[in-house]
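Listed next: structures, encoded as structure tokens.
Here come two complexes built around chain A, the first alongside chain B, the second alongside chain C.
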Partner chain A sequence: MSAKQDRRDKIASRAVQVGFLVALMGFWYFATAYWGVNRLLLPNPLNVWQELKDVLGSGEYLPDLKVTLTEVAVAFAISCSTGVTLGYLISRSQFLIKVFEPLLAGFYSVPIILFLPLYVLFFGLGEGSKIALGTTISFFPIVLNTIAGFGYVDRIFITAARSMGASDVQMFRYVLLPAAFPVILTGLRIGFTVTLLSILGSETLASLAGLGHKIVHLAEAMETARMFAYIAFVVVIAAFLNSVVSSVERRANRR
Partner chain B sequence: MNRPLHLQKVLYRHPGLARLAVVVALFLLWEISARWWIDPSFLSPPSRVVASFGELFETPGIPKALQITFWELAVAFAISVAAGLPIGLAVGLSRFSNRSLMPIILLLYGTPQVTILPLFILYFGIGPPSKIAFGVSHGIFPIIVTIVAGVQNIKPILMTAAHSMGASRWQIFRWVIFPHMIPTFFAGMRLGMTGVLLGVLLAELYVSSAGIGYFTQLFTQAFDPTKLLGLVSVLAAMAIVMNEIVRRAEVHFGRWRTD
Partner chain C sequence: MTAGDAAIRIRDVSHEFGEPGDAQFVLALSHTSLDIERGELLCLIGPSGCGKSTLLNMIGGLLTPTTGNVEVHGKPVRAPLPRDIAFVFQENALFPWCTIIENVKLGMVFQGVPKSEQEPRARKALEAVGLKDFMGHYPAQLSGGMRQRAALARALSLETGTLLMDEPFGALDEQTRMILGEDLSVLLSRSEKTIVFVTHSLGEAVFLADRVAVFSARPGRIKEIIEIDEPHPRSPSFVTTEKFSRLRNTLYGLLHDEIRKAVEQSATAVPQP
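Up next, the complex of A and B:
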């Protein structure tokens, strides 16, 4: 295929993407402005834009954003430290890997969202239950990837380093860690994504504060336009955080 | 002195046995702590949870609620597969549609759908349709993405070889693409099932008039951990069984492939 045709293809597919978005927005606008769709079900995009400007301008989102981000940070910090530590300890022995890896993987296949009612019972409606859920959900990908990273380092590297007289510290610093690092990072990235999702989700289900709580609150008050504005806000924040984490992963892997 | 050494050796040779021991130890720890240390209005021992299964199923509404949840899962999964497969094929088989539509699909896949859960309730009501719709919204994207990736991973050499031997489009689809699709299809189904479980359970826990979400809330507010734990374990068992069926199917149909 020639370069020219390739470029024409690219332009055409961009046109389809832009056309899709324009059609969607146009459809949304006409449906609400002229075709009489109930404003409570689907607000006018212009109203949503107004509300979004109002929300951003007034800084009304700040307390909820702070609550959500704190929960994400605490949950992620706990699951990172426990997940990586436990994963490392387990990966030190082939026997422990054989015992624990299937257990952890099996537990991972249970939809952990089911624990939310239990956590609400244990820790209450506040931040505790959200942090507990976020920690539980993100613990598994992190610990499993840590085991996979440290546990399956090529034997030949270890034997070579040993026979050249590497100490335990040197072994860890120059053999195990570089080999395991990319795999662990992937686990951390997945862990972060699911932490964010589960914190938002648990705030939506049962909570006292936070962005998920705000959206539910607006839905129950039938302030649909403002709810759409908050949804857009949360989606952008989530996309931003996820892309930051992905780029950190990419950069660390390039080294 | 000799005995423990012997035991150690046996355990070492059979990791499965050690795994079982770990599980038993965890349950014992749970049983002991729930019996003597922790407030019984928060945690009840596993023995009592198991003993109360009969009582749980006799609670009016519970069997019906489990049945409803099961149907929601099954319907949502069926819709996800039935819609995700043709979309995935259409997007994956054509270079142009792949290039133009895939970014849109990935964008939708990447947005946190929990934020629009209230919208689903607003549009579909608090009954089963909203749960099914939310389950489909979680299940369909992994299926599409996996199918697209699977179609594109077919080695070009196989396509070229079939072409140069004069295979028609249909023959290529039947003898080259289709066999390669089967493992991908089941891998996609497994991911789709995980998504459907998450979506349906999220929507159930969010708001529910007669489903399991209603009962989890009821038991939480009544500080009845025995029934709550019982209900959660029944649901977890249901999820594990559904996951396992799809996973077995994946292993079974993917075994011809050696790479």
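Up next, the complex of A and C:
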């Protein structure tokens, strides 16, 4: 009975969500087609759709997409490997946790985007400064969650495994890792999201290539319809990548 | 009983937490000696903080005594002896990321049981505690009583000579405790295991034990040892006999003053400014 009710609630909320999006698109369409909103500021959705088809059909987006995805992949790979390794090493000692956890949490609250000008000086306008920024921003949630994951495993699990004769390797493989894994994974998901955000954002501020760069370029050329097409493209890619990461996290947490 | 029969020999064992003179200093257990016979079930009972769990952890090699020593089957205990001693803890010590049968098998992986023996031994142990139909469940899907049965199965599957149980039913409701106690009595009467069982419950101690060691308030010492000469497995009707009541009352008399002392200790142990 209540399962049926749940299903009905879910269908109803989905219907309202879809209805809202349709209404928003309709509002956008009428505002630009009939109500005299300046098309240079807000293009008509049909024009955007045309531009999007052109962008996708011509493959024009490929070089910029490659730049952005490479930056994200390299930055995320660096922050994952360093964040998880350092987090694990710190978590091995209560003293180190006491020293570094507040320190890292403090750094985490610094708006690291402010370092972008410095990174541009250090690494130039190209991919280097984007990778440096994406790495720095995602390092903190990853290292902090790794410390939390490995550092606060319930003592009783460790004691129980020890009483049954677990070796150090077995303790890591069968107790510490599975206990810490969901917490670490949350760190990785947050890390991935902020990597993507910060790299796209920094491309719009100072860059030579990438999807963010392309969007700013089109805005400056007043090609707003094409700019909107690129924004829609980036939104779809970001939503896809984030949903992949979230589904990996959900699958790992199912028990 | 000759000294040679003792499965576990405890000699002049003390345990201190912290350094003497420190505000945190606690003498949990003071110069305790005890022999535990092969195949007997000994209950440790006493007020909170009397060191009974501390003693259990020292027998199991999870804590090192400050003075004295513990021997299990003639071997001095310096670290956990997974081939000789298995634990059942009060809290839920099953790994929540493993199913029930995986939990049981993991214990054997740690202990070093050959892979081919793990599955049949795990099944046998789970059948013995009545969890045959729940092997594929995760601990979170079971009730507290069933989780403790699973923890018991994990300990039994290790086939150790000694079983140490630290208030294994402490977190359960009265009725579940009673049923688990009865089942445990049946299960253990078939085994030759030496069992040390920490409890707060007078009834549980009388129902399960061959001997009950009553602890004094902190610093804990063994105040008296009571024999319960009733054959195993004990029938549920043992609880209603006059003998049961008499033994329970004896324990109550021994414990009452100690519990009051312990309560007063903790009331006066307000931290100094």
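The definition used in the following text is that the second predicted complex is superposed on the first by the 236 of 255 C-alpha atoms of A that agree within 3 Å, B and C clash if a C-alpha of one lies under 4 Å from a C-alpha of the other, contacts with A are read in each partner's own complex, and residues count from 1 in each chain.
Here, contacts are C-beta pairs under 8 Å (C-beta built on N, C-alpha and C of every residue); 3 or more make two chains touch, one makes a residue touch a chain.
These numbers come from a predicted model, not from an experiment.
Visitor: Could you tell me whether chain B and chain C fit or clash when both sit on chain A in the superposition?
Guide: They fit: once the shared chain is superposed, the two partners occupy separate space.
Visitor: By the touch definition at the top of the document, which applies to A:Phe95: first (chain B), second (chain C), both, or neither?
Guide: first
Visitor: Chain B or chain C: which reaches more residues on chain A?
Guide: Ranking chain B and chain C by residues of chain A touched puts B first.
Visitor: Answer with first, second, both or neither: which of chain B and chain C does A:Ile156 touch in the superposed model?
Guide: Second partner only, chain C.
Visitor: Quick one: is A:Met164 in contact with chain B, with chain C, with both, or with neither? Answer first, second, both or neither.
Guide: A:Met164 contacts chain C only, not chain B.
Visitor: Touch check for A:Ala219: first (chain B), second (chain C), both, or neither?
Guide: The answer is first: A:Ala219 touches chain B but not chain C.
Visitor: Mind computing the angle chain B to chain A to chain C from the CA centres, in steps of 10 degrees?
Guide: After superposition on chain A, the angle is 90 degrees.
Visitor: Using the superposition on chain A described above, determine whether A:Gln17 touches chain B (first), chain C (second), both, or neither.
Guide: The first partner, chain B, only.
Visitor: Give one of first, second, both or neither to describe whether A:Gly201 is in contact with chain B, with chain C, with both, or with none.
Guide: First partner only, chain B.
Visitor: Check whether A:Ala238 is in contact with chain B, with chain C, with both or with neither, and answer first, second, both or neither.
Guide: Only chain B; A:Ala238 stays clear of chain C.
Visitor: Could you say whether A:Leu114 touches chain B, chain C, both of them, or neither, answering first, second, both or neither?
Guide: First partner only, chain B.
Visitor: Minimum C-alpha distance between chain B and chain C after superposition, to be given in whole Å.
Guide: Checking C-alpha atoms only, chain B sits 14 Å from chain C at its nearest point.
Visitor: Quick check on the output: what are the common chain A residues between the chain B footprint and the chain C footprint?
Guide: none
Visitor: Enumerate the contact residues on chain A facing chain C in the complex.
Guide: It is residues 156-157, 159-167, 170, 174-175, 178-179, 181, 255 of chain A that touch chain C.
Visitor: In the complex of these two chains, what residues of chain A are touching chain B?
Guide: Residue positions touching the partner: 9-10, 12-14, 16-17, 20, 41, 95, 98-100, 102-103, 109-111, 113-118, 120-122, 196-197, 200-201, 204-206, 211-212, 215-216, 218-220, 224, 227, 230-231, 234-235, 238-239, 242.
Visitor: Going by the contact rule set out above, which residues of chain B touch chain A in the complex?
Guide: Those in contact with chain A are residues 12, 15, 18-19, 22-23, 42-43, 95-96, 99-101, 103-104, 110-112, 114-119, 121-123, 194, 197-198, 201-202, 205-206, 216-217, 219-220, 223, 225, 228-229, 232, 235-236, 239-240, 243.
Visitor: Residues of chain C touching chain A in their complex?
Guide: Chain C residues touching chain A: 60-62, 80, 82-83, 85-87, 89, 91-93, 95-98, 106-107, 109-112, 138, 140, 158.
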